[in-house]
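Look for chain A in each of the two complexes below; its partner is chain B in the first and chain C in the second.
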Partner chain A sequence: MPRLLPAAVACLLMLASARAGAELVVIANPASGIDRLTRDEAINIFMGRYKKLPSGIAALPVDEGVEKADFYRALVGKELPEIQSYWARLVFSGQGSPPRVMDDARQVIETVANNKGAIGYVDRKNVTSRVRIILALPP
Partner chain B sequence: MCDAAPTVTDGWRTPRLQAHRCLRPKAHERGLHGVTSIRNPLALLLVSCLLSCANAGAAPSDPEAAVSIRGFGTLGLAHNSTGQADFIRDFLQPEGVGNTWSGDVDSRLGLQVNARPTHEIEAVIQATSSYNYAGSYRPELTWAFVSYSPSADFKARIGRLGWDVYMISDTRNVGYSYLWVRPPVDYFGPLQISHIDGADVVVKRELGGGLISAKVYMGWADQHVPTPVGDPVDLAGSRVSGVNLDFRKGDWQLRAGYTAVRIKNEVPGVDQLVAALHGTGSPGALRLANDLAFAGTSIRLASIGAVYDHGPWQSQLMFNRNSSTSLVWPTKTAGYFLVGYRAGQWTPFLSLSRTKSRLVQRATGLPTPNPLDDAVAVTIAASQSRQHTASLGVRYDFMRNFDLKLQVDRIRVQDHATLLWRNAQPGWNGRATVVSLTLDFAF
Partner chain C sequence: MINPLRTSIAVRSVTVLLLIVGVVGLTFFGLSYRLAEQQEEDEEHTRLVELLDTVERTASVACFLSDKALADEVARGLMMNRTVKAVAITAGGKLLAHRGDSIDALPERDRAPGFMLVRAIKSPFSPAETVGEVVLVPNAAEIRRKVVDAAWLTGRLLLLQIIFTGFGVVLIVVTFITRPIAAVSARLHEMRPEIGQKIEVPRGNRSDEIGQLVHDVNSLVDYLVNILKEERDLHTQLGIEERKFRAIFEHAHTGIFLLDASGQLVSFNGACGRFFRFPDAAAGDVALPAFVDLVDQHWKGAPALIARAVAEGSAVDQDVKVPARPGIAARWLNVVLTPVEDGRLQGVVNDITELKRSEEAALALAATDPLTGLPNRLGFDRRLEKMIDDCHADARQRFTLLMVDLDWFKQINDNHGHQAGDLVLVCTARALEKAVRKTDFVARVGGDEFVLLLGATHERAAIEAVIRKVIAGAGQPISISPGISATIGASVGAAVFEGGAMTGAQLLRDADEAMYKAKAAGRNGFRFARPAGCVR
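Now for the complex of A and B:
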């Protein structure tokens, strides 16, 4: 049993370092009027509670299929089934719809670059000059 | 969802709104996040119709879908240990489950279409099928409204709306949205109304690093409630109005609500008893007749609750008081506590709940024994509920959009106060164990 412990720790460290490769950042349109977002504001927007940017314009959050699980783990410490269960409550009580799911980072950037209020998240390495980073979520 | 298969879509993914994508899917290339083919020609026709209507303003990079079709459902089996009283999920079920297995208690299916012609306006229609007051699964229109929200601070809805009387009361059909097999019967069981025809307005503000919202609503009920004997109560035309306050900050959510339901129609059976009491001409009987009459009185529902939701933990604590001035609906208080902890795909939970009604004994003052006093005593006794429940269960999120749940309820009814049961036998000791197994889905 004691011999298993170092192995388990090594495993965890490897997992952690694998995860550390991808830093997710929340991005907005350069014309959105904001250059940063707090974590609480991001939670309110992505969880459908208060879809407004600090600059006053309506927030239009989008999800990304590949990074979605990591994003919500980093943002609210919840797994995808919990996020879906949460949205089932809001959707079927007519309180709103979850963010639309984009196929990949390219599509997220395209959407954010073309819509003033849109915000999304991508791996930092995919960020282009067409969007602005407003919040970093270290893994 | 472009077709009816929920399993391959990406969670709450909204439909691809370009018809050509649906007609020529590249599911093998797009993997889990793609759209599968449509095999049923009728479904294909329907979907392409919907999509062509929705096509405007729905480019792939549009942040909001113009139309989405969603659904939820539960396949459930419940078993009651006693054959001396039949267990029901809520007041709307005409018959319950005795000492056997039943699929009627929890099984249900709902479909919903959202249409969003502009960012500010949304239309929602939802139909739900579940075991209803008439003992059938005839689908019912549960939501049908248009909402207008010019900003995140304000939203108004008009049409048919779910009854938002307590926290989660307007989604109590959606098993996928909570931990239990069903919301605690002690707390939600006496709710007679699932939806109202009317309007509501929600105003939100940021406050002290949190979010405060206030909702006011008004409308009319449109519902039949079964009674243990005779015809169902017709709640049509009963006016429902209420206000909710909600504060959310970090992992906490607090809520308080107050609602009044002005009862329009008399309970069948009670009207005859009231008439018979009037017929005696005795002052005591007349007073009793007035205090029994349900029509014209108001049910008042006050509630407070707190939710704490942090990482794998979630817990809820709620209290309510459900009262009227009629002896037919004595004042009831109820509360529940829920705590659950997620470990991977499994979320075990514990739920404790209790309800208590206030017993008021009344007599006509006529020489006893007489049949009127007997009838009054029976009516008052039948409206009592005093019971508590301890539930242990587990939710297993075994695949995307699906969960399986197992729950065991130990229920103890006191003083034979069996409002929340059907066919309770006089000799029943008030103890029951209900074992439930459900499969929930939402797409």
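Now for the complex of A and C:
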């Protein structure tokens, strides 16, 4: 037990630091044909400008409910309401729709792993080998 | 035709004011129109820029996504604005949306860089990246219409201002200037300054310029009325003086008259008219005849006296006898003529009849023998002198002098006294007068000496006839007291004046000598001084 307490404390501290300094990474299917993505490319895909990945596969961006705000803040420096208002305009014109929203990181990884054109984002520590990191977004 | 510009201050003021306001207003209107145009363009530009700002975000999204529907939405939204003529949205060189006129077909003016708006559209997510552009062409005609509308409003306001200003000026001029002046003028018309009337100051103008004007006019009227009054008083005074002098002139007993340089009678008084017996018609002042013609019948010497007065340049005078007329006695006048200024002659006429009469009486008295009433030696001398003068004037004239000496007179004086002698002398005198013609002259030149002058008689026979009558007359018995009568005789010496160098004294001496010769030859006889009719 005396050895357990410091470990628990350390675990809590880690959790806290991970929460605060969580690094989001953009992930893609390993078969998507892309190894890296520039930030601008990521923006164009997530904001609906590009319908395809640089490799020519139809792009399928997905959002993740928990990390969504942090992600857009890190990617385009905008808050969620602004992003929602942006999509609202496009919905109105019928020209596009926002990325589908996944419940958690596991579902994101599942979707990306199962679709060649899918790209999403998760906390770096949740990344599995089924997906490939193509862009890191430091906090 | 009455020109209201000349006759009405209000019309003139309004005209001038409207001209000024009109010119200034039009100038300002023009300026403001230009300004408004510029301002409107600027404002419109700003509005359009703001409009672009408004749609920029959406446009940005549209360009970012090359979303034609969204871009068209933006373009339609912009076109809702009437001042927008055309909109084109391009992204990456491709036309996303176009509304309104074709931009390439627009005139150069509309596409001028300062007029047409070109907005580069940035990416919504990276401000450094330009994703497209919006071109917006403003509607110049619409802008101008707005300017014209605004200008019309300004113009209407200006017109309204001009009208109200005009009315205001008319009101002001009429109320504050024209009406008070008209009122003053009307009062001035009705005013009778001579009874002390004054112009009333219009109410409300007491202390302003009109009040001052009225005050000044009143002062002037006062001044003039006073001058008039003084003038009138002076005139009245002069009239009184004139009448006074006129009265003195008219009622003077001295005749006064004035002749002009041509001898016309300028004026005369009543006394003058009476003296010269001017006809009544001459009393009128019109067309007075020449003075010399008026007095011609009484005074032949008038032209000569006038000429003398003019020639000598000083006062001259003459005694004039105005002969008697039926019912009017003869009168003597003393006329004094004095040259006065301008070649005029002033005449003063005095009645000297009484003076002349007493003078003549005195002269007659001095030349008269008080006892017999015959002329005395003095009277005889004068008569003789005059007759000799007449003979000298007319060489054919002759006359005869008879010297009569009474005979036996001394005895009567001695015997019967001086009273008897005097009676004899008086009777003899009457007898001698009877013996000659009325025109002949009888005088008593000594105690018992008489002289007779027979005018125009020189023939011996005629003289002798007279002498005989004289001797016969003197020889008549005279009753010297009751029951006593005396008879005297007369010795006569005759001498005829033949003219030439003979003097009166010589004639008298001749007659005297002849008389003594007759006396020496016996009483009641006569002798001629020299044979009558015999010219030596």
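Note that the second predicted complex is superposed on the first by the 119 of 139 C-alpha atoms of A that agree within 3 Å, B and C clash if a C-alpha of one lies under 4 Å from a C-alpha of the other, contacts with A are read in each partner's own complex, and residues count from 1 in each chain.
Convention: a contact is a pair of C-beta atoms (placed from the backbone, for glycine too) under 8 Å apart; a residue touches a chain by one contact, two chains touch by 3 or more.
In this text the structure is predicted, and so the values were computed from the model without any measurement.
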Which of chain B and chain C A:93 touches, first, second, both or neither: both
First, second, both or neither for A:78, with chain B first and chain C second: both
Partner chain(s) touched by A:136 [first = chain B, second = chain C, both, neither]: neither
Chain B versus chain C as contact partner of A:59, first or second or both or neither: first
Touching partner for A:49 - first (chain B), second (chain C), both, neither: both
Greater residue coverage of chain A in the superposed arrangement, chain B or chain C: B
First (chain B), second (chain C), both or neither touched by A:40: both
Chain C-contacting residues of chain A that also contact chain B: 40, 49, 77-78, 86, 89, 92-94
Chain A partner contacts - residues on chain B that touch it in the complex: 10-14, 30, 32-33, 60-65, 68, 70, 72, 110, 112, 114, 116, 119, 124, 126, 143, 145, 147, 151-153, 157, 161-162, 164, 168, 170-171, 173-174, 176-178, 204, 206, 209, 211, 248, 250, 310-312, 342, 345, 397, 400-401, 403, 442
Chain A partner contacts - residues on chain C that touch it in the complex: 58, 61-62, 64-70, 73, 124-126, 129
Partner chain C, residues of chain A touching it in the complex: 40, 43, 47-49, 76-78, 86, 89-90, 92-96
Touch list for chain A against partner chain B, complex: 40, 44, 49-52, 58-62, 65-66, 68, 77-89, 91-94, 97-103, 107, 110-111, 114-115, 117-118
